[in-house]
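Here is the structure we will look at.
Order of writing sets the labels: A, B, C, D and E. Residues in every chain begin at 1.
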Amino acid sequence: MNVPAVQPACVVNCAAYDQAGHRRDITLDDISDVLADPAGGFVWVGLYEPEERLLDTLQDEFGLHDLAVEDAHHAHQRPKLEPYGNSLFIAAHTAQQVDGHVRFGETHVFIGPRYLMTVRHGASLSFASVRQRLERDPEALARGPSVALHAVLDFIVDNYQPIVSDFERELDALEQDVFAESYKRGTIQRLYALRKELTQMRLAVAPMQDILSQLIRSPTFAIPDEVKPYFRDVLDHAARVGDSIDTLREMVAAAMNVNLSLVTVAQGEIVKKLAGWAGLLAAPTLIASWYGMNFEHMPELHGRWSYPILVGVVALVCVGLYRYLRRIRWL
Amino acid sequence: MNVPAVQPACVVNCAAYDQAGHRRDITLDDISDVLADPAGGFVWVGLYEPEERLLDTLQDEFGLHDLAVEDAHHAHQRPKLEPYGNSLFIAAHTAQQVDGHVRFGETHVFIGPRYLMTVRHGASLSFASVRQRLERDPEALARGPSVALHAVLDFIVDNYQPIVSDFERELDALEQDVFAESYKRGTIQRLYALRKELTQMRLAVAPMQDILSQLIRSPTFAIPDEVKPYFRDVLDHAARVGDSIDTLREMVAAAMNVNLSLVTVAQGEIVKKLAGWAGLLAAPTLIASWYGMNFEHMPELHGRWSYPILVGVVALVCVGLYRYLRRIRWL
Amino acid sequence: MNVPAVQPACVVNCAAYDQAGHRRDITLDDISDVLADPAGGFVWVGLYEPEERLLDTLQDEFGLHDLAVEDAHHAHQRPKLEPYGNSLFIAAHTAQQVDGHVRFGETHVFIGPRYLMTVRHGASLSFASVRQRLERDPEALARGPSVALHAVLDFIVDNYQPIVSDFERELDALEQDVFAESYKRGTIQRLYALRKELTQMRLAVAPMQDILSQLIRSPTFAIPDEVKPYFRDVLDHAARVGDSIDTLREMVAAAMNVNLSLVTVAQGEIVKKLAGWAGLLAAPTLIASWYGMNFEHMPELHGRWSYPILVGVVALVCVGLYRYLRRIRWL
Amino acid sequence: MNVPAVQPACVVNCAAYDQAGHRRDITLDDISDVLADPAGGFVWVGLYEPEERLLDTLQDEFGLHDLAVEDAHHAHQRPKLEPYGNSLFIAAHTAQQVDGHVRFGETHVFIGPRYLMTVRHGASLSFASVRQRLERDPEALARGPSVALHAVLDFIVDNYQPIVSDFERELDALEQDVFAESYKRGTIQRLYALRKELTQMRLAVAPMQDILSQLIRSPTFAIPDEVKPYFRDVLDHAARVGDSIDTLREMVAAAMNVNLSLVTVAQGEIVKKLAGWAGLLAAPTLIASWYGMNFEHMPELHGRWSYPILVGVVALVCVGLYRYLRRIRWL
Amino acid sequence: MNVPAVQPACVVNCAAYDQAGHRRDITLDDISDVLADPAGGFVWVGLYEPEERLLDTLQDEFGLHDLAVEDAHHAHQRPKLEPYGNSLFIAAHTAQQVDGHVRFGETHVFIGPRYLMTVRHGASLSFASVRQRLERDPEALARGPSVALHAVLDFIVDNYQPIVSDFERELDALEQDVFAESYKRGTIQRLYALRKELTQMRLAVAPMQDILSQLIRSPTFAIPDEVKPYFRDVLDHAARVGDSIDTLREMVAAAMNVNLSLVTVAQGEIVKKLAGWAGLLAAPTLIASWYGMNFEHMPELHGRWSYPILVGVVALVCVGLYRYLRRIRWL
């Protein structure tokens, strides 16, 4: 019976854990037998974008609520925790860095006294590694499905962290550009995009904190007291991610402001200097125009040394003006 | 008796549902008979901008509170939930995309143990489709008017979604304009208008969340426990819409800021370049003025090759200056 | 006895309402008789900016608390609700549009089991119309002074509405100016003034919502349960006004921002165009200066057709440059 | 015994009030006798920046908590209310207008069932006037130290008012400058300073509101119920001051924004006009340069009336251009 | 036994305090003996970046929770308070000014009925001085480990203060630059950095306030009632630091805004003046060009005094224009 049975493609995993926490692969049809087994143990089913028909089958096996199953099928849910009788439905957003963009997925979890069903949609890592790590510690698994729930949520929250670190690195890089001497057109666009991604990220993380708080606080059958500290730990990580996001949002907003202003300042600086040069050239131009006048009686025009003297005067004026403008920092 | 009776024009629907959830069209005068029927069942009356006289009649039939009826007549209410004895009065705002603008309407709902009365005002879709879908599931209708209330509120909230999606599409389009090279005068105006519509939309959606929370939390006769999860589901959709609106509001504000700044930046860029060109032309102009001076003794003027040499010098100066300004990005 | 007695000028109204809600004009001295009347009924006294001496008299009649009377005399109170033993003291701000400006007044209300005293200060409409409307419905008045209190507060809140509508109209008008092609200096000043008035208005309306919530929620002798829905209705209107004010504040802030930026943009546009024209004129000026040079050997100067050719070249250059600048939108 | 005893300089006042509220000056050593007097009454000690030794003595007399005494000695406390057994320690910030700047001080109050000790630090007015006013009403003082506490806190809060009024006047004056035609460099600096002072002022006033709320709400021995309305009254004044500060902060922020923008606008206006004038002069300059060209065959140069005609043409061009620029508001 | 035993390098301190509060140095192996001693007393272990193996040993000695030990090993925790059975785990952030930058460290505290273990990571001062001060007051230490906990938290919070004072001094210095006549490029960058450091600092201080509130409010075995006022005192200091940070954040944001605007204003001022000078020179240039025209019949050119008169006219025009521009503040 330990041989993996032939399952539909969207069933990633279907296993029973006995009272001692040892794994046994089962088929979907075996589920009801396991649930009916008076010796205890629980079932863990992992699905990826399941068809409606399969979900209907499992709804019957586990006795799930219509609404929760509908949610799990359609995806596009807010992260939330819904109690239905003696089972819980949890919808969480997963985040993944794909090709330099953050992609969001959804993971729905159904947990009852003796089963855990995870349904993944869109961008999200498989829980295979989570399962394998857990199965090396049968003692923990013997405590029931809440331990598996913890592992799943912990995994989801841990996957937020590298994304936020990426955001932090990106802001650091953008700050370099913001305060650089030369202006890059793309900087503001990347800051805006970063702000948008942070806003979306927050929509995934903030409700996750609510879900975890509810799991810890509300007196629920699902989470035994000795497992609660582990959920508190996950909440703590989620809160840390949330804090980082809030800080980043604030600093990105400030960086956008500073960037836009510094660009204007840099432009103004150039215009100022160009205007300064224009002023510097205006003086000799005036002088040259002056002696281009055709008055019959302009004594200066006729002197032997007039022209060399004028050249000297203009040179003096220009150098003096240049130095002056330089000193008052207009040039 | 199943033949639709002649009703005033503003009565869109008047039906009785028996204990098994089966529909029967009735006249307004039959209502009291149905309510008095010990076998159970309930009445669903749908009105559109009713006259005062009609409302008075129905007030007597259902025993409604003066204030609620007054509210239902005048419209222009905030979305709210008011308990009056063993009945509830709910005012909700509906939103409809009409000719590219969002139009708001109001729907007032009176619900009692054995009746549901909906009163629509302004822009709002008819509930006919809602009723038809429900009537295909008599089992659900047999649970009483709260199921109908759920269908109505669900319909209203679902109609918010396409509007918010439109807003999102519009922001995406405007972002293209914001970061485009060329500046469009209308962009800022459309962003401002979008912000205004989002603000109004929020005034419709946010209190809707309060209403649904109250319906779920408060121990009310009106919503049986087994129906509550359905209301929680609607609340969830409303919250999702609310989240989207908040995110949009934030991003629209950021986009307005960025747009206004980038416009100034783009203008500054042009002024900078024009100033650069002016500087470029100032040099040869100065030289030309210089040799227009009428000094008698300017040796340069008399040389055979003076003029060609000057032409060469000016060309060199211009090309050199051009390259220099180009390299320091002033041109 | 129904003949109005001679009263001090600041006593606008002094009437007793018997158990059936019928009015009878009384003098201030009759008050204690009415209060002592075992048959029930209540007294309604309306004052306008009363002298201290008069307030002292009424304090004795009704047994009011020192602090409340002091507040009522000095005015300049925050809107508030203070319970003193078995009486309530309510201070509310009234608002009135006077000569295009909002003027604020104060209305203080003392309410006990068998009396209602209103004290008006500054800009506020007389309650005469309120009283007259109420007196047409003696049945309501028979329920006691809380009905009169409701009418007074309802009247005050209703008077906020037209002011907020005025604000909305003014913002609409200012938006026209903000997005207009030409800049008006006064626009920003009017937006700033509008913002200031909205801030003050909010200081009147927001605490009013608190007062009404307190009246509804706290188990107070003063408001019988069957009258509470009416107060809830007033609260609703106040909340609607509050929502409008918040929305307006937000949009006014946005409009100020947009206006200031658009003015800068408009100026920049003109500077850009002037710089463009300067560039356009710089080219022929350079050419003209060029041929003003006095070199002996400038072959171009001597040709028969040199001048007409030059005219043609300059014309071509100008037209070409004009078209080019036009196309790249620098002109 | 009514003769003032010789006291350390920092003891501003030391008096016992008997059951009837009559004052008697005592020495510090008499305090324990008064506290032990079974007939009742209380002691009021007023200190100004006391030495540590003196505080230690009084700590023994009144049995004060170490931490409270330490706080009272070091000053630099946040405004706060700390209950220690059956005594309260209150730290409040006082504010005083000194030479056009707001100076902050601290007043610490220890209140027990039979004593009140006030310790003033830094800028704060003496409570002498408070005491004298209270002593004219022995009946009030007979109610115990809470009446004196009220008088002290009332005095502190009342002293906030003129400062806020000064802020309001200053903002009004600055608004004149903000919207004035000419720009004053100091305006923005004064607005910034005002904003800073408002922020500090809020740190004094906001916790004062918390202290008063706590005094009113918490069931404390220290404040008898009949005295509570008086504290509510002080809270009300503090809240009014707090509201004013919040409003001012908002308007100062808006005024800073507007000012900075209007300065840029005013500068832009001048640059625009200067550019306009430059454009106006460019046209005749071009014409003049034109006829400075040295072509041999320029027929215009030789006509009898060429020059007067040119003068006319230039005049026409200038006037026409001037009118045109004026009309499109570029000049 | 009082001789310090050989301990691993990361054990900074390991001591037992008996019932009378007297210290005795012990080895890690002695801990269990002390804990088992029925006479009471407690153990205080101080570690700095301990190895995992050491932590495991101490986990066994004190019976600590897995999660807490894991946290203490990995560092990078949010400041938090976690109850585990009858022990508490506290993670706090320490801050230290190092080379002009704020460096953050972490201190983790395990406190049980009879032990206190502190684990320091990264930048943080040793608690040696804290221990020494405490040990001079054995009476206090006799009250148990909560007194030591207070001393540790007090020390951490006290170390925040100089950093915030540094921030305040830096803002004062930057304000000088902001309002200075000349613009420094680094100012905005330093303001931005200051804002970032304040944001991080707040992430350390704000949760510290939560931790202290929880310690005070929640009925915990760990903090006896007579010690609570001391924690309230620390909370107060933390709140004071938090207030300062909030105020600084607000003012830094305002200063950034003002700085960026004033830089633009200063640039605009220079451009305005340069444009003014250009205008001033344009007039004589036009005149000079004018008389450079080659018309045959320009009577002015031939007059004996034409040239001196022109010189006078130009001088007059320039002086007049200069005065005029000066008066209208365009120069």
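One rule holds in what follows: a residue touches a chain if its C-beta (ideal position, glycine included) is under 8 Å from a C-beta of that chain, and two chains touch if they have at least 3 such contacts.
All values reported here derive from a predicted model rather than from experimental measurement.
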| item | value |
| --- | --- |
| Required minimum of steps from chain B to chain E, each step between chains that touch | 2 |
| Type of chain A:chain B copy interface by residue overlap (half), same or different | different |
| Distance between the centres, which are taken as Cα means, of chain D and chain B, whole angstrom | 42 |
| Distance between chain centroids, defined by C-alpha means - chain B, chain C (Å) | 26 |
| Where chain E touches two or more other chains at once, by residue number | 257, 261, 264, 268, 271, 275, 278, 285, 289, 292-294, 298 |
| Chain contact topology (line, ring, star, complete or other) | ring |
| Chain A contact footprint on chain E (complex, rising order) | 65, 67, 71, 77-78, 80, 82, 84, 182, 188-189, 192, 195-196, 199-200, 203, 253, 256-257, 260-261, 263-264, 267-268, 270-271, 273-275, 277-278, 281, 284-285, 288-289, 291-294, 298, 300-307, 310 |
| Contact set on chain E toward chain D in their complex | 175, 179, 229-230, 232-233, 236, 239-240, 243, 247, 250-251, 254-255, 257-258, 261-262, 264-265, 268-269, 271-272, 275-276, 278-279, 282-283, 285-286, 289-290, 292-298, 329-330 |
